[in-house]
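Order as written gives the chain letters A, B, C and D; numbering starts at 1 within each chain.
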Amino acid sequence: MSTRKEPDVVEFLSGLFEGKTTGTPIAFLIRNKDAKTSDYENIKDVFRPSHADFTYQMKYGIRDYAGGGRGSARTLLPCVVAGAIAKQILASQGIEIQSDVIQIGEERSKSFSKDEIERILSRYREEKDTVGAVVQGIVKNTPVGLGEPAFQKFHAVLAQAMMTINAAKGFEIGEGFNAAGMRGSECNDEFMFDGKQIRTKTNHSGGVQGGITNGEDIVFKVAFKPIPSVMYPQQTVDIQGNATTIEIQGRHDVCVVPRVVPMVEAMAAMVTLDFILLKKCNKI
Amino acid sequence: MSTRKEPDVVEFLSGLFEGKTTGTPIAFLIRNKDAKTSDYENIKDVFRPSHADFTYQMKYGIRDYAGGGRGSARTLLPCVVAGAIAKQILASQGIEIQSDVIQIGEERSKSFSKDEIERILSRYREEKDTVGAVVQGIVKNTPVGLGEPAFQKFHAVLAQAMMTINAAKGFEIGEGFNAAGMRGSECNDEFMFDGKQIRTKTNHSGGVQGGITNGEDIVFKVAFKPIPSVMYPQQTVDIQGNATTIEIQGRHDVCVVPRVVPMVEAMAAMVTLDFILLKKCNKI
Amino acid sequence: MSTRKEPDVVEFLSGLFEGKTTGTPIAFLIRNKDAKTSDYENIKDVFRPSHADFTYQMKYGIRDYAGGGRGSARTLLPCVVAGAIAKQILASQGIEIQSDVIQIGEERSKSFSKDEIERILSRYREEKDTVGAVVQGIVKNTPVGLGEPAFQKFHAVLAQAMMTINAAKGFEIGEGFNAAGMRGSECNDEFMFDGKQIRTKTNHSGGVQGGITNGEDIVFKVAFKPIPSVMYPQQTVDIQGNATTIEIQGRHDVCVVPRVVPMVEAMAAMVTLDFILLKKCNKI
Amino acid sequence: MSTRKEPDVVEFLSGLFEGKTTGTPIAFLIRNKDAKTSDYENIKDVFRPSHADFTYQMKYGIRDYAGGGRGSARTLLPCVVAGAIAKQILASQGIEIQSDVIQIGEERSKSFSKDEIERILSRYREEKDTVGAVVQGIVKNTPVGLGEPAFQKFHAVLAQAMMTINAAKGFEIGEGFNAAGMRGSECNDEFMFDGKQIRTKTNHSGGVQGGITNGEDIVFKVAFKPIPSVMYPQQTVDIQGNATTIEIQGRHDVCVVPRVVPMVEAMAAMVTLDFILLKKCNKI
């Protein structure tokens, strides 16, 4: 789907011994074999619109322009690896993470298939334009009691984690912005006893009440802006402030989906696992 | 506007000497004079829908039911005080924070006046119902370079801070969820030189690129669900799981606005000030 | 023993409900009723030798001179309260903390009695001088496995905690500085099986190997310098750098012991409890 | 001096661009080429006295026995690299770190030369025994004001850093344990004005007062126990608790010095640099 070809080999450096984790931090290395500095020569002194070129240059007075440097979405790859490990641990607890692309540009669906996604994206690719998307994530079977009151509420930490993903511009838990248009009488989740445990009849809350999981599905959405690397000339300035135009070269994705989907799952897995460990300290 | 009367006296305990801050943590105490445990007797063993009663009870095996305990929005008050101090410091740097109520239930505006808010809320109050809202915040005149790459991006930390506010269900920076429906050609912010400095022609990004402020207004929105304390009977269960109905007593707000507005400003002020201090460590 | 009379009333502000902890932070307030600013007027612009006056003034450009401000040993009192709570929790796990004064000035003992301490100190008091001391602490019955490799070794965190106590100048675990003069053949702790568990025959290590507790007694020592408030004129400078003499007024202790002993225990209790909670996250 | 030959090649992975740091974390990799698992086969199921074998096995239920795993002093090597970078930055500020071996076993000196160290160690090597040591470190030309009151005092953080070094058993700042035997009249550092700035006449404090640097030399000592790998049979138990003897094979140092000296400097450099950055946030 992505036209970039980057065989990512993960070399584990520490933390594993005879196939098991030892408690030592698991370090691993993924070398970026695909980066060609020459691809980026023309952006060396020019700021690409809505990229991090300008802010990095201003913040640090220097920037590694090749491949977008630290602002590149490539830097998310280690999170996907870490998330894969977290997901294995969660699975051993019966916890599952599911995610769906539910919006691309103006098209919405309960869950776009890979073919549907590719069909939509190819349209934008032909127009040399890019497009935004919304991904929905669901964490299933979490125990009641994850999340800490006040400043480490489950959904607050989840929001931070999701907003660290490149191009993320919005986050919702449960009804999200929709809740602003609702009445309490519509939005409240009444309790019931299902024969085994206390449940809510509805899940407008998205599985979190008072910042703490209530055992229902944790349902959240993340909005992503269009990838800024459009394939036609844009107006910008160079490092001296001179007006210029830039035409971005190289191979670029049209949309964060489908690539970003495993990233959303990885971040959700890490946040959930962190809170599961933290919950162990809840009581002596 | 709020029908609860709580004279909040702030007693400063440390950190001030002859009218100046000393570098010692500023501790202060606000006693909650208005709480009457008797008001809450009927919720002692019953879980109010969409409150934190159930999750706190399950997490800790005990809960202080009076006044909602730690889940009460009253616990945000110290943040407002801290935010007021942060705002003074920011003001000395020329940084200003502004906020507006832009949606109450299904009504939207660029900025509702106090009278408009009260008129809308009184309608819901008469119906013994509650309603959600959206607040927009703007941080003006921030320097370029606030925010840290990767996991402490400016808007990611801001998102976490906003989602810690009671009843918050959604967060957007810049175009937010709207960006998902846009093309790169619409959403990118081209650069220009305004004679003094490099600026962007538009501000779809909401003042943040790559997680770092670019000097434009930081524009964000926070969605709040309706306050769950509706004033008519709701179905729920008690602590043993028995079905029951609850009718919430006491004095309750109809909507988080207007009370939540200073809280949004306070959180934005603290996040901004934290990053200003952090930026000092950017270079040796 | 101390000639200062300060009735310390602890008012609990949060975290307790009907006699039990709720999981909410336990906040408490101890008002300093004994401070008289007038007692400290003569040190307002003059730096007391080996006090924190000079460093605070230079660091912050302002200092609260009354009672020594934040540099006062009074600020340790809340730690003693927190430590008392920690000790209750540890006791419920069978863990006990014991401490002994083992050196005052040049006199050493396995454990000075209160009378002995008072007898020695009164001698220094008469001479208007002060004196240093060493306190030994022992944490008994800790589980094997407390402490984290690398940067959070049990004894490293304990060292930091002890060195935060006012006037602390040295820390030892097990043989401490004595170990530098030993051979491996003398200092190694050989293992044995005592019928129930693996133990060491000796405890030169002081209960910690590789930064992790091994189940033996955790034995450590903390050295304290003489209290700098000697009661005769000392040469110093004022805030402008002018040479002057200072004669410290007010009521001052002669030695950190016996006051510091509960502080040593409190810090040991908090460090131990922190690691017990952390150990819960050791395995999923 | 060490009989182990391990050519340590440092490969920098990130954070440098065209010879300059970019603000991105500086990651580097040092592969341990010298480890032979076969050297450690005989300790696979047996606990070496005063090593971390037992505590790691008990804490994690698994251990990487080859080369001592995470408990190996080899793990300190990255700190030496990081410290070397910190020292360059400190040097640009005029700050210098010096260290001396001042005690090996029962012999003391103001500063042992390399030849003297080797001569002493060869004696212990012949006897197949090991020995402890004391290293003194001095940080020169630090600004006044490094260190934070209460829990992040300069010397408390320095103590923690030093106690994380393998085999460290004691830490002193200034007079250290010696201060316990002193009177205030001996131990206080009186102030004077040297024509340019306020200084102390003596430096019993070791450059820190109230946890904050006063501009004098920061003088500290670290005591190390003998390396536990003595070269003759020791009594111990195996993983089932059976009594056995162990004779440690492989190549082992006789003493932590001289290897540990750069480690002491590295840790001091990192602590000092951290506080220099932190001090920038002291005032707005």
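Here is the rule we go by: a contact is a pair of C-beta atoms (placed from the backbone, for glycine too) under 8 Å apart; a residue touches a chain by one contact, two chains touch by 3 or more.
The structure displayed is predicted, hence computed values, not measured ones.
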{"item": "Set of chains whose contacts include both chain D and chain B", "value": "A, C"}
{"item": "Farthest chain relative to chain C (centres taken as mean CA coordinates)", "value": "A"}
{"item": "Homomeric contact chain A-chain B: same or different residue positions, threshold half", "value": "same"}
{"item": "C-alpha-based rotation, chain B on chain C, 0 to 180 degrees, nearest 5", "value": "180"}
{"item": "Chain pair, A-D or A-C, that carries the greater number of C-beta contacts", "value": "A-D"}
{"item": "Distance between the centres, which are taken as Cα means, of chain D and chain A, whole angstrom", "value": "40"}
{"item": "Gap in Å, rounded to a whole number, between the CA centres of chain B and chain A", "value": "23"}
{"item": "Gap in Å, rounded to a whole number, between the CA centres of chain C and chain A", "value": "46"}
{"item": "Where chain B touches two or more other chains, by residue", "value": "23-24, 56, 59-60, 70, 149, 282"}
{"item": "Footprint of chain B on chain A - complex, ascending", "value": "47, 49-52, 54-56, 58-61, 70-71, 75, 103-106, 124, 129-134, 144-145, 147, 149-151, 153, 155-157, 159-164, 169-193, 197-198, 200-201, 204-206, 209-214, 221, 223-230, 232, 234-237, 241-243, 279, 282-283"}
{"item": "Residues of chain A defined as touching chain D within the complex", "value": "13, 17, 20, 22-24, 29, 56, 59-60, 62-64, 69-70"}
{"item": "Residue numbers on chain B that touch chain D, as the complex places them", "value": "23-24, 89, 92-93, 149, 276-278, 280-282, 284"}
